Amino acid sequence: MIKAGIIGATGYTGAELVRMLSTHPDVELTVITSRQYEGQKISDVYPALTGRSDLVCEAFEPDTFCERVDIAFTALPHKIPMGIVPDLLDRGVRVVDLSADFRFRNVAAYEAWYQPHTAPELSETAVYGLCELNHEAIKGAQVVGNPGCYPTTILLALVPLLKAGIIEAEGIISDSKSGVSGAGRGLSLGAHFCEANESFKPYKVDGHRHRPEIEEVLSLAHGSDVEVTFIPHLIPATRGMLSTIYCTLAEGKSEADARAVLASTYAGRPFVRLREAGKMPDILHVQYTNFCDIGLSSDSRNGRMVVVSAIDNLVKGASGQAIQNMNIMAGLDERAGLL
Amino acid sequence: MIKAGIIGATGYTGAELVRMLSTHPDVELTVITSRQYEGQKISDVYPALTGRSDLVCEAFEPDTFCERVDIAFTALPHKIPMGIVPDLLDRGVRVVDLSADFRFRNVAAYEAWYQPHTAPELSETAVYGLCELNHEAIKGAQVVGNPGCYPTTILLALVPLLKAGIIEAEGIISDSKSGVSGAGRGLSLGAHFCEANESFKPYKVDGHRHRPEIEEVLSLAHGSDVEVTFIPHLIPATRGMLSTIYCTLAEGKSEADARAVLASTYAGRPFVRLREAGKMPDILHVQYTNFCDIGLSSDSRNGRMVVVSAIDNLVKGASGQAIQNMNIMAGLDERAGLL
Amino acid sequence: MIKAGIIGATGYTGAELVRMLSTHPDVELTVITSRQYEGQKISDVYPALTGRSDLVCEAFEPDTFCERVDIAFTALPHKIPMGIVPDLLDRGVRVVDLSADFRFRNVAAYEAWYQPHTAPELSETAVYGLCELNHEAIKGAQVVGNPGCYPTTILLALVPLLKAGIIEAEGIISDSKSGVSGAGRGLSLGAHFCEANESFKPYKVDGHRHRPEIEEVLSLAHGSDVEVTFIPHLIPATRGMLSTIYCTLAEGKSEADARAVLASTYAGRPFVRLREAGKMPDILHVQYTNFCDIGLSSDSRNGRMVVVSAIDNLVKGASGQAIQNMNIMAGLDERAGLL
Amino acid sequence: MIKAGIIGATGYTGAELVRMLSTHPDVELTVITSRQYEGQKISDVYPALTGRSDLVCEAFEPDTFCERVDIAFTALPHKIPMGIVPDLLDRGVRVVDLSADFRFRNVAAYEAWYQPHTAPELSETAVYGLCELNHEAIKGAQVVGNPGCYPTTILLALVPLLKAGIIEAEGIISDSKSGVSGAGRGLSLGAHFCEANESFKPYKVDGHRHRPEIEEVLSLAHGSDVEVTFIPHLIPATRGMLSTIYCTLAEGKSEADARAVLASTYAGRPFVRLREAGKMPDILHVQYTNFCDIGLSSDSRNGRMVVVSAIDNLVKGASGQAIQNMNIMAGLDERAGLL
């Protein structure tokens, strides 16, 4: 049994980790931490977890934490993990970090959108945890930067197409939509039921912090800079995320070529489901699962192609993919605890 | 034209008053106040009001407020109105208060559930603004205590039946349900979209402050003390409130008798709609309206009767009824601005 | 008083017409028809209308209908209106048709996406009822083709920009989203609560019938053919529609130029609200209103501009705009009955 | 491995069985049937099941079905199972029936609310599958009548209290609320998104077919006839069911006594969670789980007690409890496949 701990267990992604790890066949969840709820049972914070976990939230204390843990999930606000992770690694604990702190190879990009990085040397060795595409590197990683939710939808759809030269790198647009849980459990007027219910709206249209993450990975895949227009919206639903991605087929390429590349890339990968021609993803089909569904359509008049990609933002977009990363790091079946 | 002002215009009930008064044919809304949003346009706080009202939120200042106003709506947290209203009355401004401060005749009951009352003498002359049942007293009132939302549903249904001796005063139960807007615009975990959406639950089962208000009015109607079991619940919807009320038919009385009493009580009253036999209210039918829909059903096996009553909690349960009170006070058509 | 009738009053757009016309100050709604509910009160079909309208649904019979009506709203499935409208016009009744039958100048385009047209000569004289942009022509129209909901969002946003040469005609993409009421009251699995709730998905990605309508009007505005990529999606909300439109600024043009053109086009037009820089529309702000809110954002890196446009699909996207058309045809204040 | 089959796999309860059985560690789902979708993959009917089950819907044919099956789930409309089940039993297949056909010991009651019973002799040997309370009888059952969803909430809460003499048998009221999935996947106006969303209403107030089921089991527990007032309502949510049950404490009994009886009854039963004093169930806490949460509150003024009970109507209220029954029948861990 692998011993796992969660630092920051009482946000939505932390609680989702507890929920899923509590029934993972190969993992024992030994310790969870929370500043806000120290001393309280996780099942008092999330009554849904009653009968699933008896764990009590502790303050984070590196010594006692690391003694009980082989692998740590850090589910904390950006900036805090980079102050903690080096110490965890020094004590021999491998880490899956759910914040943005270890997602970027280009520290300058991170610093432009977040804040100064205090562990830049780790950014070089950290592995971007997009499981289906970075499988080999993840196996040996000491620290994995778990991808953002929006980037997961867009990158799983586009990276294989860009690499194979099926689509142009110019003019990519992602019109993306997220359920409200993507904003976390913190209180804000935007997450108030009466403001989000029966509502639909774009937000952060002048620049969302997931854009540089998307652009870095696409640029690496393409071999030169890729710019993306990325407009996120809020869906009046708790869970689910869907990106409608507009791109242009490269000269001589077709939707069938795109479909073939995706089918071949994801053959044998259990969590990416390519929808057959004429069918499209729906967030309803992926809620509470680690699946990413991808559909394609193209316009014969002008060579434009639409790629639609859907996930559960809390599962494949966060905690599910984090567990998938842990499975890969630990040499377990990638699917363990995720079905 | 009657000149009206709103003290506390940026909560949900205040904004609803702005929305409705901005198209009232006989009223000019001249001034709105807000501590939190002083100096901001109401249409910046509620973009939906753009093109409907150009008013800017002011700090409340009695002198300049009262100069511009014939009637004031106080849409403030409990306790604040009782500190302000005496002064407004002294300056000749009539008041419709949307808090609980002037709903009680029995000051001791108010103080047991809220806090010490600093204007108890006003509680004697204030009129309980349940429009359909207190019409005559409201006409001449200087200050009206606008009823609570839950009490409105229950009292419109039961007062006529109790007065006419159709139902027993013993054993009345109201299982009541409210949309989330009833909790106001303040931030709380319970109003977070992800906690309220796809949720349904009872709350404050050990005593909600609307219970003493309900019991006072029922007791006055009955002539002696009436105790009610009152359990509120939260519906995953923005607006709407429905009470399912369980009572016992008095000896020799029938559902038809109950129906006849309600039909006669509300004949000519435009905002109470008695549903015909076999049909029941739905909050969907009353949303964005000042209607109260009432339906009846009884069990021939045991003389139990179910009375169901539905309103929009922000309209008939708050701001709509407040305007109806103002209409009555000012001698206008009761329906003005409400259809 | 203008006498109005509705043919097909029991679908969502018909009922919305009843709701709004029942309080219109200058209109008497004299007759409503329905095949399915003939002989039933509209308030039995829509209990929300109780106390607002006592009308009983009739079978449509041209003689008795036209005697009582100056203007008719046809709220029927495509194909039926073109069989009825010529007869109404012959009897001196002016018509606002809510179907697609009279929206197209190019009959061939209509026939390619719908069915053979049986009154093609009327298509020449019918006026496309996009109120803000066709105001003058609507005044004298005998029959107005009320625009589709999606086209209303896109055309109000783009037509002025195209005409003024602010944006390129190439590469326009509209990622559009609609509440479920856009699908009508008919039963289908897609409109089942459990399939639409907590769902979000694209639909008809290979060609929605509103695309040729959009392209015809944009092409006329531009002076030559315009092709649009148009992908509709379903929002888990009852009402509301929002289009996120991606386009390219013309050489030398800026977001500020776009803003100036829209501001000038819609100056004095009460129902289009241009959001100030940095703010975006939300369907929550337009629900139950005839407003269209428009916001702009651009990417300084590459000259791409995003135009976001939101309406209530049942009001500005259907019945509200139909009444606005009637107001213009009848020489009334454009806003009558719509605030 | 136990071989299981589902007759009627494409309704909501059938699909939920497929979803849960596809990951059950001790069961192989070998055959599924559907008249409507014969020849189609279940993953085409429910795209969410892609990658979880490759089964194709077959027509039901007893010979070939029974060859491949140890235990059958019949997830069919009432009346059909009683025509099929005797034949299944004859062929040695044990049955969990999700309809009402085998829930009643009193065939006359069944016939009064449903239709004539064609296998009344089976009603005598069938076991009512309320797992926590009928555990021993279920072990040896050939056919289990899986309880209705509403009865599950009410009976788990009340049977132990009635048996122990904690509450009076007189005057029991259940105000019950269900998510829309309780109505099934069939099309109806009541299940239309625009009629159910932002709606809340009672239905079948004059007699719901679950009432005689509730009354039969309570009467057996009490030893003489128990009458219940039962009013169901529809919640605008997909899943979840909550009953707010009003009863009277027996002379000398207290809420603490009630709590003690429930705690003792459900000690060691993994799926009933008694909420501690002052806390109440929420459907959000039980969605997608087989748990039943129970909370208590009482009014010291008058001896009335409120018992609140919540489940997921598709899991503990249908398919989850059916699998729990199968686990018990097969001698497996009760929790297998349900966590």
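Lettered A, B, C and D in written order, each chain numbered from 1.
Simple rule for what comes next: a residue touches a chain if its C-beta (ideal position, glycine included) is under 8 Å from a C-beta of that chain, and two chains touch if they have at least 3 such contacts.
Since this is a predicted model, take the numbers as computed values, not measurements.
**Q** Find the chain most remote from subunit C, comparing centres computed as mean CA coordinates.
**A** D
**Q** Over half shared numbers or under half: where do the identical copies subunit A and subunit B land at their interface, same or different?
**A** Looking at both copies, the contact residues mostly coincide.
**Q** Between subunit A and subunit D, tell me the centre distance in angstrom, where each centre is the average of that chain's C-alpha atoms.
**A** 37
**Q** Centroid of subunit A to centroid of subunit B, CA atoms only: how many Å?
**A** About 46 Å separates the centre of subunit A from that of subunit B.
**Q** Using Cα averages as centroids, what's the distance between subunit A and subunit C in whole Å?
**A** Centres of subunit A and subunit C (C-alpha means) sit 39 Å apart.
**Q** Of all residues in subunit A, which are in touch with two or more distinct other chains?
**A** Residue numbers touching two or more other chains: 197-198, 236-238, 282, 284, 287.
**Q** Flag every residue of subunit B that touches subunit A in the complex, lowest number first.
**A** Contacts found on subunit B: 12, 180-181, 185, 187-189, 191-194, 196-198, 236-238.
**Q** Touching subunit B in the complex: which residues of subunit D?
**A** 171, 173, 175, 177, 195, 197-203, 205-206, 227, 229, 231, 233, 235-240, 242, 244, 246, 278, 280-284, 287, 295, 297, 299, 301-302, 304, 306, 308, 310
**Q** Where on subunit B does subunit C make contact in their complex?
**A** Interface residues on the subunit B side: 23, 47-48, 50-52, 198, 270, 273, 275, 279, 282, 284-289, 291, 293, 339.
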